[in-house]
Structures are given as C-alpha cells and as structure tokens.
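Right after this note come the structures.
Shared between the two complexes below is chain A, which has chain B as its partner in the first and chain C in the second.
Right after this comes the complex of A and B.
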C-alpha cells in the first residue's frame, strides 16, 4: 500500500515545529519514521501534515547536566548503541539500544520517537522507566518534565498534550555501586518481544526497580518485589515469588504470558544481582 | 568436508551461476521494474469480511470509468479447475467476487489510477453494501453438519473425500503396540521475495494481448487466460521476466492476472498490478494447513505393522486453477507411508472449504505435512517401545536391496539407499557425541535434543500421475530447441521457467556436456510463449529432469549434424569424428564449431548436396522411460537447544544427506536444499497465518508473520549420495522441493527429544515458545496430578 496524501514540513527549530503542530488539521511528528512510516503506508495513520523534526540540530545532542544527562529526542538508537558518550548508566542504554530491531532500523529510529510512540513492546519505555528517567515536553507554555512512569499512560498513549512535543529524556546518573539487568524473550532476533524484564538496583541512591514490559499496556513497575530483592537478595525472588507478584499486579495474563514475563523479570534480576 | 563436484563445464561441475551476474548487481528485471509510456496502476478493493452476500458495490460519482466490478467484466468466465477424481466438486473462482464474498481479501473491484497511491485513494471511496453471513473458519468445524456453507449448493463444505482401505482391522486387533497422535501444521503464506505482479498491454503490431507476469508457468497462463477471456490462444503472448521466487504461488492462474489482462484490452493502454506484502499475507494464496489423526500399529521392536490415518486439508474458499483443490489431499494420502515399509494402510482424506484464501501447492506440496506426521509417529513409536528413534527409523526404512520398490500406495521408488542416508546423517551430526552431551547437561539449563527425518520426494511425476488426478493441464513430452548461432555460440529455448533455481546455468551445463561448448557461450532463453516450445512449466521438481532431458536429446541431435558437416569439411567419415573442447576432431586435424556454423549459415556453397536440411537447429522432445516420477530422498538431522523456562528453541546444528541422482551442479543442488530448508525452518518454528473466529487474518504484516532470517537459519552442512535414476536421461532426479519437506519433522522431533525427560511432547507447527512452554507446563501439571 502507498500512503495517503499529506503535507510535509521540516522546521529547523523546536519553536517552528510547535507552530507547525498548532496549525489547522491533524499533524503527526516524524522522528525516525521506523514506526510511523509503515503506519502511513498501511494507511493506518492518515495525518493531514507530517512535521519532520529531523533537521532540528538541538534535538540530536546529549548534554551532561550534573546529576543527569539530557538526551535529545532525535538521538538515534545506533548512536546510543555505539556509545561515545559516557552516560553514567553502566552501559545499560547501549545494551538496550543494541537489541532494538535491526541495525538498519537503529540507524534511523530515535529514542524520543520510540518513547513518544509508546509501543508496549518497545524497549525504551521499559528501560527508561527502570532508570527513573524523565521526559521533557515542549509546548507553547514552555517545557515541562514528566516522570516516565507518568508519561506512559497505556498502549500507544502518553501524557503529551495536543500541541506538545517530546524534546528530550533526562537520564539520572547512577552511582558506582549500581547494577542493572535487562532480558527479553524474543521469537527471533530483532522482533518484538514476548516479554521484557528490566531491573535496576542502586544501593547508594536507595533505588530498586523491577519493570515488566511487553504487556499490551504501559510497562508495569513491581516496586515491592524490587524492594524485597534489594533487601534480601536473589533468594527472595525465586520464579514462584516473581510469578506471584506479577499475577497480583496483572491478573489478566494467561498462564504462558505470566510465565514468560516472570522469567524475563527474574532473569533481569539475576543479571543485576548475580555476584 | 571437500566440495563435491567434477572438473569441466558439463554435468557435475560446480559452476558459478550465469544468472547471478545480473542478480547480484541488482540488475534483475522484474515486472515492477518495467516502465512504459501511459502505464497506469491498479489497486484492488478487497472484501473486509470473510463471508457476505454482495448487495452493491458503488463507484464514487465521476469515477465510474475507473472502477470495475464483476458486472462490468462482461463475458469473463470464472476459473474452474475440474478434476477427474470421482466425487470432486469444482468451484467457480470468480475474477471479481460475484454474488458472495467468501474470504477477507477477495477482490470486489478493480480501481485504476495514474499511480498506485491514486488507485488506492479511489478504492477507498468505493462504497460496499454487504450482508454479512456467518463464516466457517475452522476446517474441522466446517466438516460438521450445520456448519455455514461456503458454496450453498454443495450441501456441505467438502471439495473431495477420498479413502484408501487397506484391510487394517486384523492388524488393529493383534498389534502389540498402538500409538495414536493428532498433528497440526499451521496455515502459511509462501512469501517469495518478489510478490506477484502483472502488467498487460495490447500490441497492435502483432494483434496480441501481451501479459507480462511473474509466473512459473507462462504457457499454462496463456491457456488459462484464453479460457477466462474467451480469446484464441494465438492472440495472447505471455512473458515471464525475472521471477523473484515462485514456490508454487506462481504456478497457478490468479484472478488479478485475468482482471488486468481484461483491463488492458478494454483500455488499450498498459496497466499493471503489483502485489504488496499485505495483500500477499492476507489475500494471496495460502498453503500447508493440514490436520492429522494417526494410529500406528507396531511390534514390540517398533516395526510398523500398519498405519491408519485421517487427513484434513483446509483448502479455503475456492480451488486454484489448474492444480485443483484436491492435489494436496491426493498427495497426502499417497505419500503418508513415506520411505517406510508399511504392510497395511488405511487413509481417509478431506479437502475442506472454509472462508479463507484458496490453497496453493507450495514447495513440497503436502509432503512437509505427511513427513511431519509420519516422522513424529516413528519417534513416538520408538519412545513407546523404549528404543532409540534413529534405530527404529532405520529398521523401518525400505532397504536398498528392495529397490526398485513398489510401496503400499503403488509409488514406484526407483533407486537409492534410504538407510545409508540416515547413517551418514547420524555420523555427520555426531549422534553419539550429542547423546553424551545430553547426559552431561547444559550449564545454562537448556535442554539439547536431536531429531531426524527421512523422506522421499517424487520429482517430475509425469503424465500418468497427473492424468490420474484428471486436472485441466497434464504434462507430457517436454521439448527444447538448441540452435548454434552463426558464430558458434549456442541458444537454448525452453518453455519451462527459471524462478531463481539456476536453470540458465544447469541447462547450459547439460548442453555443454554433449556439445562441449563453454557455458559462457550459451544463452538459455525462457519465459516467453512467443519464443519457446510449449511446456507446462516449472513445478513438481520437474524442470531439471524434463527440460534437462530435452536439452540433452536436442543437443545430441545437433551434435550429429555438427559431426556430419565437420566430417565433410575434413573429408573423412562421420564415424571418425568426435566432439571435444568446442571442436570436431577427425583422424587428421580438427575444425571449430565457429567454422562449422559459419559454413552452414554463411557459406552453404561449401556444404555437400546431401546435408541435413534441419541445419544447426533442433527441437526434440523427451519423456523418461518410466514417468511416474524419479524419487529423490534425504535425511535431515537437527540438533536444538530448548529453554524449558521460556520454550524458546535454537537450532544448534543442521545436516542434510541427500540423493537426487546425478548431480548436474552440486553447488546449485546445495543452494536448493539450503533454501528449501530455510523455508522448512520457517514452517517448523516461525510462520503462521492465523485467523480469528470472524475469519479475519491476524498476520497481515511481517510484524505478525515471522519469517526466518539470517540469525535463525544455521550454517547447514550437506553430503551427497549419487544414485542415478534408471529411468531418466543422465540419471537426473528432481531436487527443487525436497529441502522444504523435512525440517518441520526433524526440528520438532529434536524438540521432543529434548523434552522427553520432562514427559512433554509437541505435535504442531510452528513450535513457538508459547506452544513449547504450554506442552512443558501441561506435562508438569499432569505429573503433579499423578
């Protein structure tokens, strides 16, 4: 199929992009295009206007802001995968980026585009939630920061208001003691996962996170389980315990999905906590 | 492992493929590469529902001349594939849905635009008034009384029911071991890299409708188009340009081909339709979906005493043309006994109509399903009698000493050593080493399994076999034309089609074997009804046997004429000359083919009076001595690692030991086997076109329809056995389909081998993590309950 007709604009600044979003008719932001372009071609998305933010240089930067890094929304998965910028994340983002789809997709796909698309099976929603990252939304009234947990409202749903755009992700720096784990169950390399488990333990910052992804809704944080794991170690999070915690938090999962997500979570925890 | 192959440029040489120069440089020329002035694009408006009565299809105001519905196609006949098998019900497969729609994706209207996007815009504006009917989606439900009817006037949903009754009751009463299993193979889409495409225009100079189409069977397409359009065949020319994979999807006439050809005649300007991936996945022909109930009877050592089976095939809404809706079940019933000695056999088959796209013969036709059923049964028998599956398999195979062997369904196995292929595969994959590794266990907690699968592949089944099915097109003699050009090069013309299987190289090798011309100086012309002898085309692993045989025969005739002219030029007797290195050698000197060609074409004054006036061009036909098929066979062996917590399966090693008779080009044979096996891996682990209860296809993009990629297809290893067929020219057997037959059985046998200690067993493809994990959880719950 071929996309339905649309207008195309490529603003040079965030302000111009916001103007283009505000104008008459439904507009969609084109970031890396790795999800939107197929939706356009299938005519599942038929926006009147496409606002290509690929020429806004400011959105491609990664900046050190003291206790966190500010990652521009248009930084590609490939740029994160290749490193070159110490993010004080013990390599978690690079690891996650390297597992997204295929290199051809990573060359064009962007962290901001992926997060704003909020595909439940996407990697960034789960990983960034585990890292306690924050989204920066720009609108007419200026910028606001939203915790990823609040930013992700459901499948393909975010806290962005009409006329707002995601411009950056704020990534807190981890302490030297921090440990992470990230595990996906995939049917084949590069495909959307059956289940995602993300775990982060930073004893110095008193932070413990376990996030379950690929649920068909927004990623699910299991804070109590994370606290127990941080306090009592691996023994406290046997597969049965993880499965029980997950069953309580997500009672609609069928037997197989429950096991898959529990195994993914447990393997992420083991990666993080294994000696 | 040393590469298998002979020196030189003839039969047996590992020659690089001539056609790859253009393919690897991106210079292949496919239907969608063709640009023509005035060319317009077609988009089909397809049914959004699985089953409905059509009340109205209405074009938007002002666009009535660019929207074409069934009622606008006056005089165009539906495709109807008859069969001679008693009781068979032919369906009328309309070019555009007529009266009812019978599957999601069935074409309701053809919309014309300056480009595809514009044509799709127009399709979006056509309004449909459909009265929805309850669909029948599940084939077993479709067999039950009271199921919704796809074709009301049939009274049920059965294209055909067949039965082989081999007096099994006595065996059933006395057999000490009885194994009952249910197997399922999922519905699949064939997914060639190049989808279907057709471009048509009216050629005023020749007074012909020219249909350029991505097909395996250009001559058959001409016959089919003529029938549907009511045209004389001389008024139609069918051209197949480069074809990016066929696999059976392109060996049938498709309604879009008829519709676009009709439109070109009506509009008198070029029009085309290029299938996109979504159309392929949702509306293109389907394949593979079988259901089996198998009861096997064996002695206490696992020796088969009898086989009782019920096979159901989900054929979809209509029969494809010309291969009918019963080809699959006919093949299934006939091939289920496989390479084994089966003393008693009973089999009932059902070809069932459902509200899904029509079923098409896909590489291996029915045999991946029957191989899956029989090979899993062999392993299940071995487990039931507590023996090693490979040993039970070996003891049940037809032994080499029994060749040629007529099996219980009257298949005539011409030659070979089936148990040897199994032994070689066991050695190549280090069977003993894998068993030892299993005893040690894996550090990562995964379970290792090893599985085998042995099959026979009836290739080039000829006139008798097809005539017994009574289908509209029965293949007979195959012809090839060879022509020495005035400068000593060679042109070969064949009516069969290269669809990526290397025929432009292998047919040149056959000619080179006889005429000693370097294949670099040989052109193989194919893919055009105006330029080639008639052939039913490329399917059923027949091209190398049939066209190869025809090229051989015509080259031999040409060689005789060359020898006579050469002898005359050297003033010696014809019996004294021989062909070698592109020259004719006599007792005292030699003359090149260039010189001989030059004399025939340009200096006939130097020829004797009694020269053969047929000249340096010959068309000769061929059919094997026995044309019930040359049986290739192989054993595939797989080692897998299964993660028992997730059900994820990884293939660790894969070995193929194959005997396809005389190897024309071992490298191409290996490529065919590896490519086929890659598709078989797709069947085994990934590919599934499922439908919901309303008949909506759930895998409409490649996000949902998983194909194996480079990371899922292991580096396979292959060994050859070379037992020439006693019945075919040069002893060649067909090999194109075989690779796709065995992998589902070998891989799922390996998974079951890995899971056996857990008491879990799988009988369904694809073996997704979900299915494997479900089998493991079910087994552990069963054990907990005991």
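Right after this comes the complex of A and C.
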C-alpha cells in the first residue's frame, strides 16, 4: 500500500524541529523511518506532518562525557554494529545492533528512533534498560534526562510529552569487571523475536540487571533475581528459579510464553556469568 | 510537491515529488527504472533494496523527498562494474534465480556482503541474505553464487582494514576494494 498524504519538513536544528512539532496538527518525528515508514505505507499511522530529523548533524554524534557516552538519537544501528567508536560497554551495543533486522534496515534505522518507537519486541528498549541508560528529551523548557525504565511506559508508549523529542541516549561506562549477556529467541534471522533476555553484572559498580523483553508491554526488570545471581552465582538462577521469578512478575503470561522468556533470560545469564 | 535534486546511477536528476512518494515508486514511476522491484512495501522482502549513498537500503522505506542530495544506485547502474559482472555470471551459472523477482535486491545485498565481509562463510552468507526473500530457489543456488564470487577474490587481498569497516561511505575507495577490483578484473570470463 501507499502512505496517505502528509506534509514534510526537514529542519536543520533541534530548535527548528521543536517548532515544527509545536505547529498545528498531528506531527510525527521521522528518524530512520524503518518502523514508521511501514506504518505509514500500511496506513496504520496517518500523521498530518512528518518532521524529518535526518538533517540535524548534531544528532549523529557520539561524545565521551567522562563517566558515560552521549549517543545521538540519529546514530544508526549499522554505525554501532561496525563499532567505529569505543563505548566502554564490552561490545554489548555492537552485538545487539548486529542482530537488528537486516543490514539494509540497520543502515537507516537509528537507536533513538527505535527507543522512541518503544516496540516491545525492539532490541534497544531491553538492552538499554539492562545497561541503566538514560534518555535525553528536548522540549521548549530545555532538556531533561529520564532513566530508560521510567522512559518506557508500555507497548509503543514512552514518557515523552507532546512537543518533546528524544535527542540522545546516555550510556554509562562499564567497569573492566563487567559481564553481559543478550539472547533472543527468533524464528527467522532478522525477524521480531519471541523473547528477549538481557543480563548485565558489573561487580565494581555494584550493578546487577536481568531484563526480559518482547512481552506485550515494556521490558520487565527482574532486580531481585539479578541480585541473587550476582551474590550466589549461576546455581541460584537455574531455569526453574528464573521461571518462578518471571511468573511472579508477569502472572498473565501463558505457559509457552513463560518458558520462552525464561529460557531467553537464562541463556543471557549464562552468557554473562558462565566462567 | 517539493523539488529535489539527487544523483541516480551517476546522472543528476531534478524532480518534484509528493512527500508520501517513496523512493522505489519515484525510481519506477518517475525515472522509469523498473529494475527496482516492489514486493511487500513494508521492509520485509528486500526486493527493492538499492544503494543509498553507497550502502544498501530499502527503497520502499525511504521517502524520495528525504533523499534530496543523495546518491542512488539501482540494479541498472552497474554497467562496467567488475564485481557486479562476476555476480551476474555466478547467479546464472549457479541457478540462483528462477522468476527473477527478488534478483535485483539479492544482487545489491550480495554486492554489499562481498565488499563488507570478504571472509564470510556459508552460515554468515545465509544470515546476511536473510533480509532478501526468494520464493523460488530455496536459496541454495544464491548462496553458492555468492560463495563462487568470494572464492575468486584472493584471500590475501581481503584482510579487512579497520578504517574500511568503520566508515561505510569511505568503503568504495579503500585499498582493499582496489585489490578486489583488480583481482576480479584480471580474471578471464567464465
């Protein structure tokens, strides 16, 4: 199908983009378009105006900010996959990026677009939550930072207010001791996953995270389980224990989904903690 | 209607487009370049894959208006390109197509794969081509065709240089690519 008619603007600065968002009528931000363009072509989305932020050079930069990196919202999955920059993440982002859809999609799709789209099956929501990243939202009143677990409100729902846009992701640097795991259950390479497990253990920073993704809503952090794994090791997080923790946190999951997600999480934990 | 200027297969093109017109429709309907095929129009099938500023992209998921200033290369734009010539020969020799609908996108993805991942084994080739659907061949011939071309590229010439991997736009002019071109160009036709 073909998209319904829309107006199009391509501002050069964040300020101009915010102006365009503010103007009358429903406006949507166009980042890399790899999720939005299908929705437009299928007419599941029919905005009055698209604000293309692809011409804002500042959004394509990655900056070292001491204890974290600031990743511009328009940095593509392919740029992260190719790893041109040292992110102090032990390669986790490059690994996650390489598993997103297909190269032709990764060349245009962006980390910020994916996060703001907040598809429960997307990779960045789960991975960035496990990494304790923060989202930077720009609005009329300036910028504000939002922890990813507060930013993601549900399926396709974020903490962005009307008139705000996501401009960057703040990625904390991991210590040398950090270990991570990321496992997706996918029926075909590049397809949307059935289940996502993300695990991060950084003993020096005293941080332990297990996140379950590809649920019907926002990714689910299992903090108690992660703390137990960090304290007692992989024996404390056998598949039964993971499944029990998940059943408690998400009682609505059917048996098949429960097992899928528990297995994905268990495999991510094993990747992170196995000697 | 919005005016745009872009380069299509080395030719400068000035046109006016409706914002909702995607690049594949622009190429097919306004430029009469019907080698770019449309299957799903939602980014899944890969038939419309073209090179946008030197890297593969879905032409159905890029709006033409957003491609102002871009450099587009479609399957029609590879005359005299030694790597694409070898790929076409290999696709024919290995029966890598039957109906041919997926072939333009397959060729573009294979072209990128060989330049980006000259050491790819069969499993990697299959993973890299997973974004291009073929409903005729079962992929065996396609994978064999890519392997055939990769085997023609001498391994000594394909040690990936970090600079080439870091910057996709710089890839076309790397020493590695020069060596591949030389190696392929020197090869007698099958």
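Criterion: the second predicted complex is superposed on the first by the 275 of 275 C-alpha atoms of A that agree within 3 Å, B and C clash if a C-alpha of one lies under 4 Å from a C-alpha of the other, contacts with A are read in each partner's own complex, and residues count from 1 in each chain.
FYI, a residue touches a chain if its C-beta (ideal position, glycine included) is under 8 Å from a C-beta of that chain, and two chains touch if they have at least 3 such contacts.
Quantities reported herein were computed from a predicted structural model and do not represent experimental measurements.
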Query raised in the report: For A:176, is the partner it touches chain B (first), chain C (second), both, or none of the two (neither)?
Result: neither
Report task. Please indicate which partner A:84 is in contact with in the superposed arrangement: first for chain B, second for chain C, both, or neither. Result -> second
Requested in this report: Scan A:274 for contacts with chain B and chain C and give back first, second, both or neither.
Outcome: neither
Query raised in the report: Of the partners chain B and chain C, which touch A:103 in the superposed model: first, second, both, neither?
Result: second
Report task. Applying the touch criterion given at the start, work out whether A:141 contacts chain B, chain C, both or neither, answering first, second, both or neither. Result -> neither
Query raised in the report: Just chain B (first), just chain C (second), both, or neither: which does A:3 touch?
Result: both
Query raised in the report: Any idea whether chain B or chain C touches more of chain A?
Result: C
Query raised in the report: Between chain B (first) and chain C (second), which, if any, makes contact with A:189: first, second, both or neither?
Result: both
Query raised in the report: Regarding the shared-chain residue A:38, is it in contact with chain B (first), chain C (second), both, or neither?
Result: both
Report task. Under the contact definition given at the top, report the residues of chain A touching chain B in one complex and chain C in the other. Result -> 1-5, 38, 42, 188-190
**Report entry** Contact set on chain B toward chain A in their complex
**Finding:** 115-117, 120-121, 124, 276, 278, 645-648, 685-686, 701, 703, 706, 708-709, 711-712, 768-770, 773-774, 777
Report task. Show which residues of chain A lie in contact with chain C when the two form their complex. Result -> 1-8, 10, 30, 33-34, 37-38, 40-42, 50, 52, 54, 78-79, 82-84, 101-105, 107-108, 188-190
Query raised in the report: Which of the residues in chain C end up touching chain A in this complex?
Result: 2, 18-20, 22, 25, 41-43, 46, 49, 52, 55-58, 60-63, 65-66, 68, 109, 112-113, 116, 126-128, 130-132, 165-168
Requested in this report: Mind listing the chain A positions that touch chain B in their complex?
Outcome: 1-5, 38, 42-43, 185-192, 194, 239, 255-256, 259-260, 263
